[in-house]
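Dropping a structure here in structure tokens format, bear with me for questions.
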Amino acid sequence: MIEVTEFVYYADLAGIAVFAATGVLAAQGRQIDMFGVIVLAIVTALGGGTLRDLCLNAHPLIWIADPVLLWTAVIAALFTFAVCRYRPYPRRALLTLDAAGLALFAVAGAEKALSLGFTPTIAVVMAVVTGCAGGMIRDLMTVRIPGILRHDEFYATCALLGAIFYVSLHGIIESGLLALITIAIIFIVRMLAIVLELRLPVFVLAGMDHPPRLPRLLRRLFKKSKHPEE
Amino acid sequence: MIEVTEFVYYADLAGIAVFAATGVLAAQGRQIDMFGVIVLAIVTALGGGTLRDLCLNAHPLIWIADPVLLWTAVIAALFTFAVCRYRPYPRRALLTLDAAGLALFAVAGAEKALSLGFTPTIAVVMAVVTGCAGGMIRDLMTVRIPGILRHDEFYATCALLGAIFYVSLHGIIESGLLALITIAIIFIVRMLAIVLELRLPVFVLAGMDHPPRLPRLLRRLFKKSKHPEE
Amino acid sequence: MIEVTEFVYYADLAGIAVFAATGVLAAQGRQIDMFGVIVLAIVTALGGGTLRDLCLNAHPLIWIADPVLLWTAVIAALFTFAVCRYRPYPRRALLTLDAAGLALFAVAGAEKALSLGFTPTIAVVMAVVTGCAGGMIRDLMTVRIPGILRHDEFYATCALLGAIFYVSLHGIIESGLLALITIAIIFIVRMLAIVLELRLPVFVLAGMDHPPRLPRLLRRLFKKSKHPEE
């Protein structure tokens, strides 16, 4: 039992580090300095959990209760800042780790809401908020349309589907096992969506030209950034 | 008595649906997908009330206490998403409904602050926050200067004037009647401002060219979007 | 004793007025009207303290507890709005006053967190949030990359260093004296950083061209705006 909790804790720290690294990478081409990347890293890694806790009135905030989370984001940011100056970063690995982070954060968000006595609907919302809001704030702070709003490969949708699965079986399957299954499902759906280029339809107004869709994206995906410039 | 409360509740849901629709329409030309428009709809419809409740420490948040609000925004978003692909949307009707939504939300914000024992000044601030913050977050999330900051036709100013009227007469006129009068005033002032193109002066620095002002805007207003691109 | 508290209070109001003025000036060229500049002024002056209090769950918020803060921001905004139409504003004086405001706000943020029993780490974070978050929200609302993320002259870094100094000596040196020393340090480091053009290194990816750095910035600084357009 203690082992599962400990595993979840370290997995969480790993998720924070990966999210922090994506925050740093969003600074590219934006003339953002060393302090700025630390802010971006903290906001990306801890923004989702903070927004969730504010909405649920669950004080103290995660990073206030446990400053190790904060230090993890800071150290990951400085590491990324230093290394990426000299070496190309492993884009494919980062995308994979980011999917794992999303899965972990979404399940943690749903679990926290349920454990505080909120309804399944709110737990699903909080899963999406925990998994996606950090990245959304990161994009806004670097003046981009948030990636999760755009026709990305099922990013937030994975968190949504996983959270619905989780709250549906909560209380039926043993909590730790259910968490692991859900994490696996979110991760696998996200990776499949990337490989198969699954996307949701884009919003268009009647009379406007439909934007190009579903082209040679697989190639592009592993070459260029996940969050293309505006 | 119960009838007034029920009327207010359904009017509130209608306001949420209209604000959600404006959130969806802000996605045009931004490559935002089906999930993205739902997020924009929720944020536009419920962002103002959420920010108000966070500032007033009034937990649980409205949409946590009553998930019907959340579902209303989601269904309105999906409906708008589907219909606007195939039919031009009724811009003029939407502008009118949006004014009604602004009036309802502003009064609801002021009423909530007063009922929680806050001062009239704070009630006025919360009226503006409840009516306008959702649209502001929507604009930020689609990387636009918030419409309410720009020289729009008295949008936030209507909420401000209405709220001052409301708190001034609160306790003097019967609460339900006062709410209805205030809603009517905000709505009428907003519609008059649109028709007469009333605007506040724009900020300019000394020595800079004054930007063009008060031109052929009536025509433009009913032809193009209320929130022109940057 | 009362005299120090009173001095801090009036210094705080002065800081709010200066921050409000920078909020108004950010509206230049953005077609933002009189209401918009008031919103920007309030957000710039009170956004940092509000975010801090939300994170620390320290209700009521400063401007709800004391509406004088709100009125100070509004009056400063209207004054700036009116005067800057006709007279060039004193850029150099504003930069100096802004440095003083940053110092005051940072110390106030650290002090509040410590007095509520939070750890030194959280106090340092809150010093930076109190000093910098308002300006960051101002920049986001006018669709700019936040100035504090960019290679500005040690803006947030001054708050960070000052806060570390403050929490290190808290309990050792008498509180009022320590506050004054820290304020002086932050102010002096910031002014030195401006004059000497001290900057943190910018984030760049390996293989990308390094952006131009440390050029003729002193001249530019006193000629153009502190927050250059994108």
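Note that the chains are named A, B and C in the order they appear, and that numbering of residues resets to 1 at the start of each chain.
To be clear about the criterion, contacts are C-beta pairs under 8 Å (C-beta built on N, C-alpha and C of every residue); 3 or more make two chains touch, one makes a residue touch a chain.
Remember, it's a predicted structure, so these values are computed and weren't measured experimentally.
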Relative orientation of copies chain A and chain C, as a Cα rotation angle in degrees, nearest 5: 120
Copies chain B and chain A - interface residue numbers shared by over half, same or different: different
Approximate Å spacing (C-alpha centroids) for the pair chain A, chain B: 30
Residues of chain B engaged with two or more neighbouring chains: 54, 140, 143
Residues of chain C touching chain A in the complex: 54-57, 118-119, 121-122, 125, 136, 140, 143-146, 148-152, 156-157, 160, 199-208, 211, 230
Sites on chain A touched by chain C in the complex: 24-25, 27-37, 39-40, 50, 54, 59-61, 64, 67, 70, 81, 84-89, 140-143
